[in-house]
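Contents: one structure, followed by commentary.
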Amino acid sequence: MKVAVIRKAHFNAAHRLHNPAWDDDRNREVFGLCNNPNGHGHNYELEVKVTGEIDPDTGMVVDLGWLAGLIRREVEQRFDHKHLNLDTEEFRNLNPTAENIAVVIWRILRVHLPEHLGLHVRLYETPRNFVECPA
Amino acid sequence: MKVAVIRKAHFNAAHRLHNPAWDDDRNREVFGLCNNPNGHGHNYELEVKVTGEIDPDTGMVVDLGWLAGLIRREVEQRFDHKHLNLDTEEFRNLNPTAENIAVVIWRILRVHLPEHLGLHVRLYETPRNFVECPA
Amino acid sequence: MKVAVIRKAHFNAAHRLHNPAWDDDRNREVFGLCNNPNGHGHNYELEVKVTGEIDPDTGMVVDLGWLAGLIRREVEQRFDHKHLNLDTEEFRNLNPTAENIAVVIWRILRVHLPEHLGLHVRLYETPRNFVECPA
Amino acid sequence: MKVAVIRKAHFNAAHRLHNPAWDDDRNREVFGLCNNPNGHGHNYELEVKVTGEIDPDTGMVVDLGWLAGLIRREVEQRFDHKHLNLDTEEFRNLNPTAENIAVVIWRILRVHLPEHLGLHVRLYETPRNFVECPA
Amino acid sequence: MKVAVIRKAHFNAAHRLHNPAWDDDRNREVFGLCNNPNGHGHNYELEVKVTGEIDPDTGMVVDLGWLAGLIRREVEQRFDHKHLNLDTEEFRNLNPTAENIAVVIWRILRVHLPEHLGLHVRLYETPRNFVECPA
Amino acid sequence: MKVAVIRKAHFNAAHRLHNPAWDDDRNREVFGLCNNPNGHGHNYELEVKVTGEIDPDTGMVVDLGWLAGLIRREVEQRFDHKHLNLDTEEFRNLNPTAENIAVVIWRILRVHLPEHLGLHVRLYETPRNFVECPA
């Protein structure tokens, strides 16, 4: 039976939604308050789900300490207490919507996981808005 | 990659579980306290999940402002601060169990969403009981 | 040192805010949607706080099993799955606002507690609105 | 349309992660603090999801009172306020990781459910670590 | 008996902790990651507590609709989706720590409340860090 | 104006409620399932509240990084992943009720805080039972 293990983490960041190919009016129309030039911010809450068979020796799908360390090094240290648009390579040219942030995190983590394990990411931008990938 | 976007909303309503084809004893046996003739009530917490590809121009699967407005108009204004059995067309002849309320909300929202987007609804009747559709 | 012990409980009920001394327009103006004639409802979440010295024999301020039983008998069985205005003595002639419900619960519980113990009640009408008494 | 109904429950238990086939050093290396000989403990929060068609007579997939009673008898009374390794048959020879506990609970409940209903279990070991099965 | 009524609200904002009277090294030493020049951000969750006697005509301490509107106009519209240091008058020359933000919100709201009502503010900067004033 | 700053932390531990001055029957009668000889366990969630004036140079009552480190060293490293009765000095001869644990934590932290700052502790034994001291 396949079992999924989920680990929660979090990071606090500023961002601005903006498409440089559009003029200011179009940006304000589409992104509203999220287009505020100086940015705003969120407490991003992240859930990383890893799916696989239980290893009979350990009783685990994946070592949670290792997974927590991976998330800390690859996600939290990269994005925590940053302005995503201004301080990170990933979002210099990519609009930091919750959707795009989740996909970027999924790609960052995917390469560090053995291929036989499944990976899903859920990202809360606020307690009322969140995204999942892959859906 | 398909991504899902989830928006939370809520409404407060009264309801009574009752099957008019049954006599009072059978109703009390099946529905217990939920069959109380004058009704009782809940803070319904709703999660609406929309699934699709990310639009490269906006970085979004669906505009959250539009989705929030749709839920407000079609769900909250219809059910909030109502007695579901007595004040709404949808549950005049349909038992307002959490299961049926979720399916009704899914059908209401489905016709307003483009066909290429997936739709799932999760409805919390209490923090301890909730339903999802389609499962 | 005084220590407080808090126990959570919950009940689901319908209610209607209404002042029979006012006409319909005044009621609608003051109570808005909460004046809906057929009522609406909530998942009331209750926190009962009892304050006193720790008994050195038990290490407890009050036995939590006893307190949980008291709340079940005196509050939950009285109000759970009821329409407060129509099904309870307490709110037949008293407007069931969160403030009034909290005071009623405080008075019900107060007579069952030894005098040397303090009592406070917090009542969530929704996750976003709650009251405390005495303040 | 298939609908899922989810019921939450909880139990508080002690456990120790340990593989008797390994020496102490290997156990400490793999399980870290969770290998503490005298054990530690958790508030396990359980979500049981049952999936099926809505019965048109009741408006329900499964009777929640029956489901809550099943979970109480089969899971809570078995594991609540126990040391899982020392007080239960299930984990006398099985490492009580969250993964294994979830699978054990799934197997216990599966035999009590009609075959046409689906069953999934989510188990929170802490608010930050949880598992799902089958994934 | 005095009763307290609490209303929750929220706003999302960016901020930077910085004391212009100090050099960069001292700022980094005291504020750490929170001193990041481009700022970071939070989902601020706000609880506004108003304390007083229950009005016997309404059963309320204060009208929650009025209170929610006051918070929306005076707090949310001022701070939501803003960079507190760059976009608001209040924090142009005041370090936007959670403590200072809470005091500023308390002062803004205080002048709009009748004198006989008490006012307390709780502000969550993250789910793990929050402040209350007056304490 | 006095302001309070609250920091959340957590630890997972096993415990057993037991009074060695009583016989087994009396212990089972008073402590019920919590008297299980092999213990059970909890995810303890801790809130440490520090109260004082805002330092005008930092905008803070107390440095949250310092406070978090103090809690980690003095509380988490002492109690996390331990059996409180068997693995800690503090509860070798003191019944580890939530009340006693909270008072012990308060005393441990009190000596590390400057005298002009107030200190309160809230400890969740489960999401439904918690204590505060001093009350």
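When the chains are written out, they are named A, B, C, D, E and F in that same order, and each has its own residue count from 1.
As a working rule, contacts are C-beta pairs under 8 Å (C-beta built on N, C-alpha and C of every residue); 3 or more make two chains touch, one makes a residue touch a chain.
Keep in mind that this is a model prediction, so the values were computed, not measured.
> Give the chains in contact with both chain A and chain B, ordered by label.
For chain A paired with chain B, the chains in contact with each are D, in label order.
> Measuring between Cα centroids, what's the chain most distant from chain D?
Relative to chain D, the chain whose C-alpha centre sits farthest away is E.
> Please state whether the interface between chain A and chain E is built from the same residues or different ones, using more than half shared residue numbers as the mark of same.
Looking at both copies, the contact residues mostly coincide.
> So what's the Cα centroid distance for chain D and chain E, whole Å?
Distance between chain centres: 41 Å.
> Once you find the CA centre of chain C and the CA centre of chain F, what distance in Å lies between them?
Once rounded, the distance between the two centres reads 28 Å.
> What parts of chain B, by residue number, touch at least two of the other chains?
127
> Per the touch rule above, enumerate the chain pairs that touch, sorted by label.
A-B, A-D, A-E, B-C, B-D, C-E, C-F, D-F, E-F
> For the complex, which residues does chain D have touching chain B?
Answer in residue numbers: 1-8, 49, 51-52, 54, 57-61, 63-65, 118.
> Once bound in the complex, which stretches of chain E touch chain A?
Interface residues on chain E, with respect to chain A: 10, 12-15, 33-34, 36, 38-43, 45, 80-83, 86-87, 126-127.
> Across the complex, what residues on chain C touch chain E?
Residues in contact with chain E: 17, 19, 21, 30-32, 94-100, 102-103, 106, 127-135.
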